[in-house]
């Protein structure tokens, strides 16, 4: 049984997602539809880009179609693309929401979705989720090769977001930022494990501290309970990114943080002093 | 595979919807249950009436059962009805929530749901979603003819809400109101395309302006991007109703609107002047 | 088709639940996954304990696996247990979240989940929902006997929450508290029907009154409409517990209540007087 996943910014109140599902089942009654989330901040492409990167690899290969409808340009002349990579298919507006995956994929087949044979008959200017994404994904889930959807694009054709990767400042600080704040108030940064480890190795005599605003967190923890309740900690989270958390508390409200806030990691002598 | 859709005002926090699903699967393990929304404002029949009208037609015919549990009268002597119309089945309290569909259906079969053979054995006074709607819908999804549920009613028997359709005032204004505000802050009005077009044709030399409170919106757009970011616009939305939106913004908060607010469309000379 | 239900405190915004679902489908593509709720207050074991008790019995026996991931101790040395009781399987951290069910079950088989053969290959310290609960539940749904997961425990081995059952005070009041407030603002107490009836029978010449803070509610209703709109009432709700509600209103905001608030039932002469 094929799987279609849905990630949108449609929220949970409106019936938009259900309309997409009804449209899909009208074409392929036996597909399995899974909600990733519909709570992407309206039109926040960066958030959507990181969330789909976090989730895609846990779905089966060969028969999963990921549909991402975070689409501020709906009804304008932006394109829709279908991409085959990682043995899965991704269907999204050509607005950069797939940037992290395209940057990572070794090989990919990319087509511009143009063949209206696989759309609903009447196309609105405001709801391509229903009129294009839903029916196209349903046809893909029945085995339609993506090449039938339209012309093949070159790897560099799709729009890419300019992703802010972490960097080392003139003061030898590792500079990142808060991508997401999750339900527990954990601050998920754009600093991944590899990058964090590389930075820490620059001076093995020192230990890392992370700063968010004027607050310093020195505890690099293996799990949330390794510090006292209500104490903050840094941790490499389940996504593989550096997170700032508070044991049995909420780092987001503790540090009054919001998405986009700057995070600095510095290598500190004082910490190593404490260990002597 | 049959489909049961669920629309309730039970929200996402409580386990009430899951209890309905468990009850359904206990009777028909192979049905496909789809959530329309569970975030109807508690006991808001008008909202539910418009949402089911928006969504039903995207679901397959012949094997879809729509279950609507927005039911302020649960446990009182209100009836439950099952209606076959548009080649689908609708199961709802007899409180008017199906009014828009009943007004539109050319033919329908309506029964009062009374046959306790298809209910749970013990019926509470507070949760008919679990005790009646869920098991009855499960039996329907297995092919039970609705006539088995109870006596057939006449077309005029079910309770109808008094729907406020748009009208033309003494000042030649088209008067409507805000039915819903969606997640993007778009104000969905009760003025449908046909009604809007008829009104505009009353004087083809003029162009429409829509007023919400003391704010005027003159741009009738084809899509959200056809005005500058943060500019308001009016648009015939994907439901087929006039909407007020703000490109990359939130009309609800911009105009401090709430459900029920009055909306006026006027035909303006000044606009046609500007076009000269 | 087997059913896996999911109850977590992961919320609806993040993709954590979807990651669990992808992991499950990668192992058992034909299982039916049902969300109970993901809105448990972060790390609130008592709330989770009452909700799973409310919902489990409406799911089919023999092929339902309930997965509860409310897990403040993730990554510490807390265990995970699988329990077979009521002809269903429950998979949860050994933190007491199954207390109400274990207290009630006449027979149960309990194992400590240790066999990493059924886990993901790499186990994080922060997301056992993905790394252990999801794959183990998927294998169970394919028929794996729970005994394969690890050593059998004695009935008294699992951690139990100290559940506050209602009691009679020195002043002959029945003392309970608010377990949950549902979406409608109904206050669900820990006073169950049996306990309430026993208390009322202590003096059949009197009638019960319930006090929440300094507010008294005298109407014991059969349904929400049996009092005037906006009037409060007490009712044995669909869960079988005493609830305080307001007809077409919100008891939570009316009485400014929160989870944990004390509720007193007293037997009152005055009420019986009124009946003369």
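Note that the chains are named A, B and C in the order they appear, and that numbering of residues resets to 1 at the start of each chain.
Heads up, the rule we're going with is that a contact is a pair of C-beta atoms (placed from the backbone, for glycine too) under 8 Å apart; a residue touches a chain by one contact, two chains touch by 3 or more.
Source: prediction; values computed, not measured.
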### Query
Which chains make contact with chain A and with chain B at once?
C
### Query
Rounded to the nearest 5 degrees, what is the angle of the rotation that puts chain A onto chain C, matching CA atoms?
120
### Intercentroid distance (Cα basis), chain C paired with chain B, Å
33
### Message
Counting only residues that touch at least two other chains, what does the list for chain B look like?
### Response
12
### Message
Show me the residue ranges of chain A that touch chain C in the complex, using the header's touch definition.
### Response
1, 3, 5, 7, 12, 32, 34-39, 51, 54-55, 58-60, 64, 180, 182-184, 222-225, 235, 237-238, 248
### Task
Using the touch definition up top, name the residues of chain B that touch chain C in the complex.
9-16, 18-19, 21-23, 25-26, 29-30, 42-43, 72-76, 124-127, 130
